[in-house]
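Presented sequentially are two complexes of subunit A, the first with subunit B as partner and the second with subunit C.
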Partner chain A sequence: MSVGESITRVDAVQKVTGQAKYTADLAPKNVLYAKLVHATIANGRVLSIDGGEAEKVNGFVKLVTCFDVPKTQFPTPGHPWSVEKAHQDVSDRTLLSERVRLYGDNIAVVIAQSSLAAAKAARLVKAEYEEYAPLMSAKEALAHTEHPLHEEKPDNLIAHSHFTVGEESYEQAKAEEPDCLELVKNYQTQTVQHCHLEPAQSYAYMEGDRIVVVSSTQIPHIIRRIIGQALSLPLGRIRVVKPYIGGGFGNKQDALVEPLAAYLTTVVGGKPVMVELSREENFTATRVRHAIEFDTRALVRRDGTLIARKLSAYSAQGGYASHGHSIVANSTAAFKQLYRDRKALECDAYTAYTTMPTAGAMRGYGIPQSDFATECMSDDLALMLHMDPIDFRLKNCVQAGYKDPHTGITFYSYGLEECIQKGKKAFHWEEKRKEYAHQTGDIRRGVGMAIFIYKTGVYPISLETAGARLTLNQDGSVMLQMGATEIGQGADTVFSQMTAETVGITEDRVHIVSTQDTDYSPFDTGAYASRQTYVSGMALKGAAELLKKRILDYAAEVLNRPAEELDIRQNNIVQAKDGDVLLALAKLAEEAQYSLKHSVHISAEYSHHCTDNTFSSGACFAEVEVDIPMCRVKILRILAVHDSGTLINPKLAEAQVHGGVSMGIGYGLYEEMLFNEKGKPLNDNLLDYKLPTAMDSPDMEVEFVQVEDPTGPYGNKALGEPPAIPPAPAIRNAVLNATGVAVDSLPLSPQKLFEHFVRAGLIKEEQGNV
Partner chain B sequence: MYDVQSVYQAKSVQDAIEALGKDERAMIVSGGTDVWVQNREGKHAGLPFVSIHGLPEITGVRIEEDGTLVIGAATCFTDITASPLIQRHVPMLGEAVDQVGSPQIRNVGTIGGNVCNGVTSADSAPSLFALDAQLKLQGAMGERIVPITEFYTGAGKTVRAHDEVLCEVRIPKESYEGVYGQYIKYGKRNAMEISTLGCAVTVKLGNQKLVRVRIAYGVAGPTPLRCFEAEAELVGKPVGKETACLAADLAVQAIRPRTSWRASKEFRLHLAHELCTRAMEQAMEKAGGKIND
Partner chain C sequence: MIKLLNMTVNGRAVSVPVEEGEALLETLRNRLELTSVKRGCEVGECGACTVLVDGRAVDSCIYLALWAEGKNVLTVEGLQDENGVLNPIQKAFVEEAAVQCGFCTPGIILSAVEIVGSGKKYTRDELRKQISGHLCRCTGYENILNAVERIVNELNG
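So, the complex of A and B:
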């Protein structure tokens, strides 16, 4: 037995001792450094670039400008390629751009012998521009189309989608239910960044006519395809290597600097070139989370029955399409999946180009945004109805057996209601709500909660395919190669556990190759969605079963007994019926390799095309203390209860929740990217961009409701992204409970709370002498 | 890698003064927690640097015969907080500098650098203003003492000459004996934070009345500042919440906060009032004042 045990991470010692190698550790000594030159306007066109001063810098090698690079447009998002043109990603990028679409857009690059020389020279490159007004929100970009950001989209609109649930329209439902209460609200979420510790970086060099790119990526096989598209090269001439990476959270589910690194080595005769982004560049020149604005209406009966909702979601894309409309489309799906409108749900979603940093995938893929909207709405409706917010949710939330009417995704293992009940009890919800009902004074407390639903993989919206390979070593241990990637989440550890479980060996006999190298690793689309333990786990299970069968077939030959009577347990070939040890697996493995009679290399490779999906869910509870005059929220207690199927490694699962809750706290109270009126970023560093520190993080409580999922390879389903989803609205709802003030946009920063508290009459404004 | 022409580690203050005198572009650096961060952004690029890091003659905390508390300018924040003399005589200062950045920053960042950087958000500044700190500067022309209230001339600007080294931060005995104080820093988070607004209050009580008051702010104007008029008006007022509120009412008349993307003027003004009220109450309590609701 290995699945279900909290074994130590297989990479723990390497990572804490510094043995683990990351991209920058692997760069050869003679590597050249590339430094990007970024536009100093948010919207316009580069007229000319002058590199005269830059060339004088000692160590300068080459300046490549937007006028020099191929005009080939390519897509960047880490989606499996669609062979159907209509479903292919938007190809709107070039390696460098003459058309400036955001402040900091990449207009040139300097190659030099050291990173310092490259940085110095890059600062000396001068550019002349034709400048247009910045477009800082989706609504603004849709209203101002004099200078569309991309010719292909003259209205700045990337896409508009629409869906409905129910036979009738919102207006019909409203007409039929004159006694209903209506809530009209605008909810807004902000732009945040992943802030993984290791900024985006890649280096590339040539081997003959092939280009090798070593990169900090979540998706090596997809990156290989994108580089081929960007450089118009056949995929076989590109090799991508992914070593250990210092976090990704979705940012590295995108081609960031890889195509440029691959191109740059070709202009310096195949010498290695490193493109290493600074923290500041990582904020503006990689990807961010989409800021989404929701215009909503909701109808409820006085008994709390949700009758109908209607909403429009406006998603700010930034300068380039990246994951584009997929995000807001996924985002709005949560409205239909999480709650039951008895009569109608009408949903419109718009994605518009803006002159902001490009938004892409980030942990939760649009759901943290819509969950803020749905969960604020639930509390706002409950307040309007004088109803307990948990009772409102239980009356209206998704039920067991739910099947999405459009995608067919089914909630096979339902644990949501149990999560709510478990959290409610552990939090002493009713007592606390009573205790905090009538507070006065400057310091007030409150409790709030939020629920969520999240699909595990991307089927049927995208292809789900994965591969795994196992090779039996002569000592009876196995080598494990996955196409799926370890990005800090613990994938290598849970894959090792799955292998041990299915083959019948102990985890110490499983050696996982952590690096993916597209020259020899199995194919997998990579670490994104919350798919790997589910989808890649299916491929691994197939490979492990195949390996086991091959081992037992050989054992049958050696032992001269039918394979059906044999099994592998604890590294031994045993008699299946009673577990009697017949032969050590190590002995058998040695025999198989070196036998003079019948030498066999026992291995197994398996690819799996997954055509299923399932939902995870959960609830987050928060208790806060609000210091009204100081406009500060202190989290006294936060509890996350997750319905994630069978846990492969409970300790790692808990750690996954800690990380997600921490991200959710940042989303709720602290983090936001700020820009001046010209679209220039103001806080593109970790001093001014307020990630919560250890001093801001309360103890995080974690509970699980383990309902085995029949479709998961080991009863498991999504847990990677979900923990980041509900904390922000839970905190917002706790502040509402404490103060009676409903804040409808994120984050609940001190400045914003000040303005709300002044408006609510909780703070009297000072006059001073100014 | 940093863009420098050279970094010269001075052997003494005198040596540093001479090195600075030789090249008008030369820049002084101590802990480097501001200078090297700025250099990475391309500021002071390619300059010669003169380091006074760890010079023993300007490191450490001591008391002179007349009771003046002397803090060497190159003393790092961690050592100031840990100093028994600081803990005994000016605990508020030890607490204030313990709110700078992170433990790593506090292990190298120095009080001299914090002051000479000239920024209004320096965590040590409001407390030093409220403790009547005197700054001893040494240059080619000799020594001089400048009251901290006269040290700052504008945002990022001070009276320190190019080849002058700040050697000592001096706190007179009468400014700490029987004096109790409180500094409150307001930031958006609890660590790794630049002050949105900071307020330091010191009081001396006699018969449950204020006999001496200092109110100082950081980030309430282009430089740290004292509220002299408010202080004068508060002398003789009885200990209590009402006086704390009056202090805040008066203090905010002296400040000129501005709107920036970090906080609006209105919010800073509100905070200035709230922080002063709270700091005044806490200082009075520490001084043995009885505050009733």
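So, the complex of A and C:
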């Protein structure tokens, strides 16, 4: 047995000794450095670029401007390509841009012999602009269309989508139920950044007429396709290599600097060129999480039955489409999936270009945003009804066997209610709610919670396909190659465990090749959508079963016995019925390779086209202490309970939850990208952007409800992204419980709490003015 | 201007030519190929480039290489014993699942070496403060604290 055991990470020793190599560690000595020149306006057009001073810098090699690059527009999001034009990603970007669509847009690039020379020269490049007013929110961009950001979208609207659930409209339901209470609210989430510790970076060089790109990416095979599109080159001439990466969280599920690096090597005769972003550039010139605003209405009966909801969601895209409307479309789906409106749900979603950093995929893909809205709404409704918020949720939340009416995705392994009950008990919920019911004074405590639902992978919205390859070594160990990527989450470790489990060997006999190289790695779309243990796990299981069959067929030949009577257990060929050891696998493997009678190189490759999906779910509970005069929230206790099917490696699963909860705490209390009125970023660094430190992070409690999922290759389902979803609303609801103040936008920063507490009379206005 | 820097790195005396304005981060990474020293922000905010200079943790991105003249520099490449056996702190990080993407790991391990080197005992909250100069986006610091707390208790208990 290997699946279900908490083995140590297969890459841990390499990572504590410095042996693990990341992109920048692999760059050749003679690499040239490229430094981007960024626009110093948020909206407008480049009229001219003057590189005269830059050329004088010692070590200067070349200046490439937006006027020099190909006019080919390409898409950047890391989706599997759709062969149907209607479903293809928006191609709205060139390698460098004449039309400035955000503060810091890439308008030119300097290549030099050292990173210092490149940075010096880039600073000396001068540009003249025609300037327009910045468009800082989705609603603002939709209202001001004098200078559309992209001519293909004259209204700045990338897309609008609409869905309904139920036979009638919200207004009909309202007319039929005059006794219902109605809640009208606007909930808002902010722009945040992934802040993986390794900034985005790639270097590229040529081998003959082929371009090799080494990159910190979650999606090497997709990056290869995008580079081909950007450079109008056949994909066979591009090779992408993905070594260890220092975190991604969705940012690196996008073509960030890869197409540019690939292009730049072609303009310097194939010499290696490195594009290494600074931390500041990583904030503004990669991707961010979409700020989404929800205008909502909800109708409830006085007994707490949810009757109908109606909402419009406005998603701020930033300057380029990237993942675009997919995010808010996924976001709004959570409204129908998490709760049951007895009569009607009407939902509209809009994605608008804005002159802000481009938003893309980030852990949870729109769900942390909508979960903030649904979970604030549940508590606000419960408060209006004088009902316990858990009782309200149990009365209205998704039930076992749920099937999405539009996508058909089914909740095959339902653990949500058990998660809620488990957390409620562990948190002494009822006692705490009673204890905190009537508080006075400056320091008050409260408990709050939030639930969520999350699908596993992207089927049926997009293609789900994965590949795995296993080769038997002469010593009976196995080489494992996956197209799926290790990005810190522990994929390589759980894939090794799956291989050991299915082949019948111990994990120490599995050697995983961590690097993906599109020249030899099996195809897989990569790390996103919490899909790999599920979808890539299916491909791996297929490969492992095939390898095992081939080994047993050869063993049958050697032992002169039917293969059906044989099995592999603990690195031995055994008799299936009683486990009697017949031959060491190592011995058989050696024979297979070198036999003078019949040598066979035993290997197995398997690709899996996945047409399944299932839901994960869970609940987060938070207990806070609010210092009202100081406008400060301290988390006393936080508990995450997850329904993620069978766990492959409980210890790593728990660690994954820790990281997600921490990201959720940052989202809830601290993190927000700020801009001045001109659209210039104000806190694009790790000092002013408040990423949680160890001092801001409480001890995190983790529980699991393990319901085996019948569709998961090992009973497993999504876990990677979900932990980041519910902490922010759980904290917001705990603050509501403590103070009676409902904060409807994120984050709950001291400034915002101060304004709310003054309005609520908790802080006297005179006090506030001091 | 190029100058010759003499220092001890991971127990070995080295003489290496450096630019006057060069950060120790660049010297270690580019000239001595000690790539465990990571570049995360280059302005002393994230702690990924932490190394020990004479036993004290410094951000090597904002520490001039020439300041290390005559000093002892330690990176994680220098932590294993001559047989390659992991240092107890490295071992604790492996066993406590304190490692995920691994990019902040070498820096935090070196801070842990400094903490253990103090010979003092610390509460968990004191340890939070001690490692608060390191940013980590993967772990929420939970297992990192478990590893550091365990090793401080074992070695300084």
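Assume the second predicted complex is superposed on the first by the 765 of 770 C-alpha atoms of A that agree within 3 Å, B and C clash if a C-alpha of one lies under 4 Å from a C-alpha of the other, contacts with A are read in each partner's own complex, and residues count from 1 in each chain.
Going forward, a residue touches a chain if its C-beta (ideal position, glycine included) is under 8 Å from a C-beta of that chain, and two chains touch if they have at least 3 such contacts.
Computed from a predicted model, the values in this text were never measured in an experiment.
Chemist: Report for A:Tyr244: first if it touches subunit B alone, second if subunit C alone, otherwise both or neither.
Modeler: second
Chemist: Where does A:Ile763 make contact in the superposed view: on subunit B (first), on subunit C (second), on both, or on neither?
Modeler: A:Ile763 contacts subunit B only, not subunit C.
Chemist: So, does A:Thr693 touch the first partner subunit B, the second partner subunit C, both, or neither?
Modeler: both
Chemist: Which chain, subunit B or subunit C, is in touch with more residues of subunit A?
Modeler: Higher number of touched subunit A residues: C.
Chemist: Touch test for A:Ala589: subunit B only (first), subunit C only (second), both, or neither?
Modeler: Once the two structures are laid over each other on A, A:Ala589 reaches no partner at all.
Chemist: Please indicate which partner A:Tyr670 is in contact with in the superposed arrangement: first for subunit B, second for subunit C, both, or neither.
Modeler: After superposition on chain A, A:Tyr670 lies in contact with subunit B alone.
Chemist: Answer with first, second, both or neither: which of subunit B and subunit C does A:Leu277 touch in the superposed model?
Modeler: neither
Chemist: Quick check for you: in the superposed arrangement, does A:Gly18 touch first (subunit B), second (subunit C), both or neither?
Modeler: A:Gly18 sits against subunit C, while subunit B stays out of touch.
Chemist: May I ask you to decide whether A:Gly659 touches subunit B, subunit C, both, or neither, giving the answer as first, second, both or neither?
Modeler: After superposing on A, A:Gly659 lies in contact with subunit C but is clear of subunit B.
Chemist: Per the definitions at the top, what is the overlap between the subunit A residues touching subunit B and those touching subunit C?
Modeler: On subunit A, the overlap between the subunit B and subunit C contacts is residues 686-687, 692-695.
Chemist: What residues of subunit C sit close enough to touch subunit A in their complex?
Modeler: Per the touch definition, subunit C meets subunit A at residues 29, 34-36, 38-43, 45-46, 48, 75-77, 79-80, 86, 90, 93-95, 97, 99-106, 109, 124, 127-129, 131-145.
Chemist: Which of the residues in subunit B come into contact with subunit A in the complex?
Modeler: Answer in residue numbers: 1-3, 42, 45, 186, 188-192, 194, 196, 252-257, 261-267, 269-274.
Chemist: Name, in rising order, each residue of subunit A that touches subunit B in their complex.
Modeler: Spelled out, the residues of subunit A in touch with subunit B are 114-116, 119-120, 123, 629-631, 670, 674, 676, 682-683, 686-688, 690, 692-696, 749-751, 754-755, 758, 763, 765-770.
Chemist: Provide the residue numbers of subunit A that touch subunit C in the complex, in ascending order.
Modeler: 6, 8-9, 11-18, 20-22, 24-25, 194-199, 244-247, 249, 278-279, 487-490, 651-652, 654-655, 658-663, 665, 685-687, 691-695, 697, 699-700
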